[in-house]
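After this come two complexes, each holding chain A, first together with chain B and then together with chain C.
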Partner chain A sequence: MAHAADFELTPPAIDADRAGHTKPTRTPTSTSTSTSTSTAPRRWRGAVLPLLALAVWWGVSATDISRSGLLVSPQQVVHTGIEQIASGALWRALSASLARELTGFALGTAGGLVLGGLLGFSRLAERVLGPSFNTFKQISLFAWIPLISVWFGLGDAAKVVFLSLAALLPVVAHVSDGIRNVSPELLEVARVYRYTRWQVVVRVVLPAALPSVFTGIYLALIYSWLATLGAEYLLVAGSGIGNMLIDGSEQFRMDLVLFGIVVIGIVGWALNASARLLERRLFAHRSR
Partner chain B sequence: MSELLSRVQESNERNTKQSSKRSTQQNVEPQRTNDLQIRHVSKNYAQPGGNLEVLADIELDVAAGEFVSVVGASGCGKSTLLRLIAGLDAEFDGTIRLDGQTVAGTSLARGIVFQEHRLFPWLNVEQNIGVALRNSGLDAAQKRLAIAEHIELVGLGGFEHAYAHQLSGGMAQRVAIARGLVNRPSVLLLDEPFGALDALTRSRLQGELQRIWARERITMVLVTHDVEEAVFLGDRVVVMQPRPGRVKRVVDVPMARPRNRSDPEFIRIRDDVLREFAEPGGAADASL
Partner chain C sequence: MSDTAIERSLAHPAPRPTEGRRGWTEYARTLRWQILPFIVPVLLFSLWLAGSSFGWIAPQVLPAPHLVLETLLDLARSGDLWSNTWISLSRVLVGFAGGTALGLLLGSSLGMSRTLESYVLPSFNALVQIPVLGWLPFLLLLVGIGEPLKYLLIGQAALVPVTLSTLQGFRQAPAAYYEVADVFRYSRWQLITEVVFPAALPTIATGVRLAFTKAWLALVVVELVASSQGLGYLIVYGRQLFQLDLVMAAVIVVGAIGYVIDRLLNALEARLTRGARRAFRAF
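For the complex of A and B:
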């Protein structure tokens, strides 16, 4: 059964194995990428629903069914958007949010790498800190907000602490798992070739754990962005994209709220896409 | 090629670091230099239900340059024996000596190929073979040359930069064989190296291994449950019996190479070995 899968996955390799190992005319890398070619129409299927929703929205707001002010037209949202961009308000809010996001992400990731590495490499640390960490993980992040607001106020410091916490958890979990789950078979290979402890760590454990570490950092980026908005809603002080939404809601300006949501979506998508792109670049040669 | 090989050999001798000890041993046993001696080797596993005797008083000599096949049903301890020789498991009674020196821990003088290829997924073919040379004491140019020669030896020219997931099972196992040989070990241990391959690839690689052995004249010990494979490759076939694991019989295969599987003499010896498994008390599930 396993062989059947093998045939499908690497036809050129199998051919070479069978055909008496004459020099391969094609390199394995160039042939293995000969996957699907005509997926272009399929790729746009995901856009159907949003476009449809947009059309309905447009239609409804144009036919004057609702004049309540709860529903604004797409034109008005676009207009507000242009206004926000032109006045620099959007940029001020977005840069404040992103600066916090990245600070929290950087701090949380750095702490997570250290703590995760400790839990992964040291049995003692795992035994002493592991249970506490696993319990801590179960507590919803938002439960910490009252405590954080008492200790750090409602300003930037409190938000960054909250974001760091959000980024820390996935990094710790994935780093320690990645290190502990290194295949014992590969560690045995290192033993056969008399790798020193240091060589085992640098040459086997770290490269083997890298995809898992990256997943942790990727999740930290996403979580800290989600937490940025949470922090701005719950620790209301200063400026940010979340504050822009709150202002819009308080002033009953649905156009501002909707524009804010679109911006948040775009930022989230951009973070996600750039992380995926980086991941693909880094692990292009790996199967899993 | 031979010039480099002798240089590698020299460096291996440097690596064993006990050349003075060896020369005194040679005085005691002048004829027996490169051979493998297994004396009164027993191994027990403590189990909840009592003591499990995995190996009972194994006695085996393998001469330098000899190819010995060890065949037996699963559970007869043949793979355990190989792990003891490799130095991956030090908990046993009795002594194993290679080249006059008692086996303690792993050594670059004892190469091993496992059933799974165990290549590092983040390294390409070249780099995976280089794993074996990391602590060989060779300089960069010597390593490059040794790697290139062994890629050529296993017939993978053109695939130097391919990653494990781009290779078929048979090709990955060729890389594993090259990695096992690149240090020019005194003995190469093969732990069911073709067990996971489809029948066509397996018989192809058996032929390749025979060619490599005939050319390199490195002592090889092959563990397998495939009687035909054992007879096809071995100068001698050691038949092992389970519970406790012990040597039942040693069959000589006095046939010239390359061998032909349909040769009447080959069939006679193969059937002779197979009869050992058909008898009551022997394992009936020896595959062919």
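For the complex of A and C:
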């Protein structure tokens, strides 16, 4: 979940990925034997739990153990999904949500780069704006929605304002941190070569700060997607994937809700994956 | 960009008062430096004050500061503030404690067994892609609008960062520690409690702090969307009645509590981290 107050830890998806794929720093005898004796390829192991869950779900919904209307069968979810896709309802909701998400993301990131750059480069600006900014980001982001709804209405304008805010905060925090944490050695080298201030900024500071800047932008992408859902729950006017879920919940249509969750998961994964791909491309020349 | 941070760090590091040599100019400079952070809040506040007292801003758009303060005092006097704060706090504590405990358990078991990790982690990663907000309508249907909904959502918000940071912390323990433990013929339990866990503690502490901020955020969201009590509900209620003073008073309380608890956890984290470092020096 996005919280404006803390950007120090890299986002879960990255962590999980790295934790899963980093080379083991050790090979303890107990676990290494257990892996070597197992014949099942590791790739397939991850599929065991989901398949098991699916089988149980299927089995329970096929029998008459529970007569609750909420227990929909997997087939029904698939059917609803196909229906939503065929009727164009999914596409309308998804495109509305994504358009808002990307607008808010772009605006927030642009603002965040400027503000973060200012805070990073100018000690004076940091002193004047930094404490206020830090206090501001402590306040739970979603608490602003009622105020934003009074000021900007319930439509797209309010949502985009909220999304920009959600995207702005991590970018500012990471850009200013990245710039301020450039190692002094690099700056000393720059001084030895008698770089001009412009050269220092372009050739030393910006390249050194780039990974941190990218983390900020990456977080902004994730947070604005999260905020898109929140905005659609709380500012209910208009259409979007969040509205689809809320409607499904109000109409007691579990199939629609489950399908919506799957779509949200896929979109979140796609945003994640594309950001990570871009990161790998950008930093391919760097040795990690 | 006349005075860049780099420029300063190259020329004269930080404008810090140097001990011993403290002239009047030095004092003036320090004083100015101390005042700087207050400029923006004071400016904003006076704009707000002026705007509302001269009638530039309609009270329906932004109520006057004294009105917000009055509402806050009213809430405190009538007891509404305390009862709602208490409800919110107890929700977040139950959810956070449950989520953190489960996260520690899950993260450490994944950290200790690569076999388990290879079975569970992919599913976990897939579920993580769905934000807490995505689960809200689902759980709303499943468990209704009562307290369990809040506990589950807040717990899930806390579970994810704790699990991942615990896993990461367990993985990060240097190979040398394991070798030492091997030499001393530590049992598996000793290995966990005396080597791996202390080594992982700083990472876990960071995860727990993050988990709290996420739990607090989840609380606000769930109270905004589905609740009839609590601080988030106060915000929604004020919004529905167009009582923006109530909205702002509740937002201030939410922000203040979040801030205070974050500071507390930060101090705790610093202490734990320092303790852990000291422990390692014994090796």
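Note that in this section the second predicted complex is superposed on the first by the 241 of 288 C-alpha atoms of A that agree within 3 Å, B and C clash if a C-alpha of one lies under 4 Å from a C-alpha of the other, contacts with A are read in each partner's own complex, and residues count from 1 in each chain.
Operating definition for what follows: contacts are C-beta pairs under 8 Å (C-beta built on N, C-alpha and C of every residue); 3 or more make two chains touch, one makes a residue touch a chain.
These numbers were taken from a predicted model, which means no experiment stands behind them.
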Practice problem: Determine, under the contact definition given at the top, whether A:Val213 touches first (chain B), second (chain C), both, or neither. | Solution: neither
Practice problem: Please work out whether A:Val72 is in contact with chain B alone, chain C alone, both, or neither, and reply first, second, both or neither. | Solution: neither
Exercise. With the two complexes superposed on chain A, say which partner A:Ala166 touches: chain B (first), chain C (second), both, or neither.
Key: neither
Quiz item: Any idea whether chain B or chain C touches more of chain A?
Solution: C
Self-check item: chain B versus chain C as contact partner of A:Arg203, first or second or both or neither
Solution: first
Practice problem: Scan A:Leu221 for contacts with chain B and chain C and give back first, second, both or neither. | Solution: neither
Quiz item: Once the shared chain is lined up, is A:Glu185 touching chain B (first), chain C (second), both, or neither of them?
Solution: first
Quiz item: Which partner does A:Ala275 contact after superposing on A: first (chain B), second (chain C), both, neither?
Solution: neither
Quiz item: Now for A:Met254: first (chain B), second (chain C), both, or neither, which partner does it touch?
Solution: second
Quiz item: Both chain B and chain C contact which residues of chain A?
Solution: 2-3, 6, 9, 13, 16-18, 24, 28, 191
Quiz item: Along chain B, where are the residues that touch chain A in the complex?
Solution: 86, 88, 106-108, 111-112, 114, 116, 118, 120-122, 124, 131-132, 134-135, 155-159, 161-171, 196-198, 200-201, 204
Quiz prompt | chain A-touching residues of chain C, taken from the complex the two chains share | solution = 1, 3-10, 14, 33, 36-37, 39-41, 60-61, 112-115, 117-138, 140-142, 157, 160-161, 164-165, 167-168, 171-175, 178, 188, 206-207, 209-210, 213-214, 216-218, 220-221, 224-225, 232, 235-236, 238-239, 242, 244, 247-248, 250-251, 254-255, 258-259, 262
Self-check item: chain C-facing residues of chain A, complex
Solution: 1-3, 5-6, 8-9, 12-13, 15-20, 22, 24-26, 28, 30-31, 34-35, 38, 42, 45-50, 70, 120-124, 126-132, 135, 138-147, 149-151, 179-180, 182, 184, 187, 191, 197, 200-201, 205, 225-226, 229-230, 233-234, 242, 245-246, 248-249, 252, 254, 257-258, 260-261, 264-266, 268-269, 272
Quiz item: For chain A, which residues count as touching chain B in their complex?
Solution: 2-3, 6, 9-10, 13-14, 16-18, 21, 23-24, 27-29, 32, 185-186, 188-196, 199, 203-204, 207-208, 210, 285-288
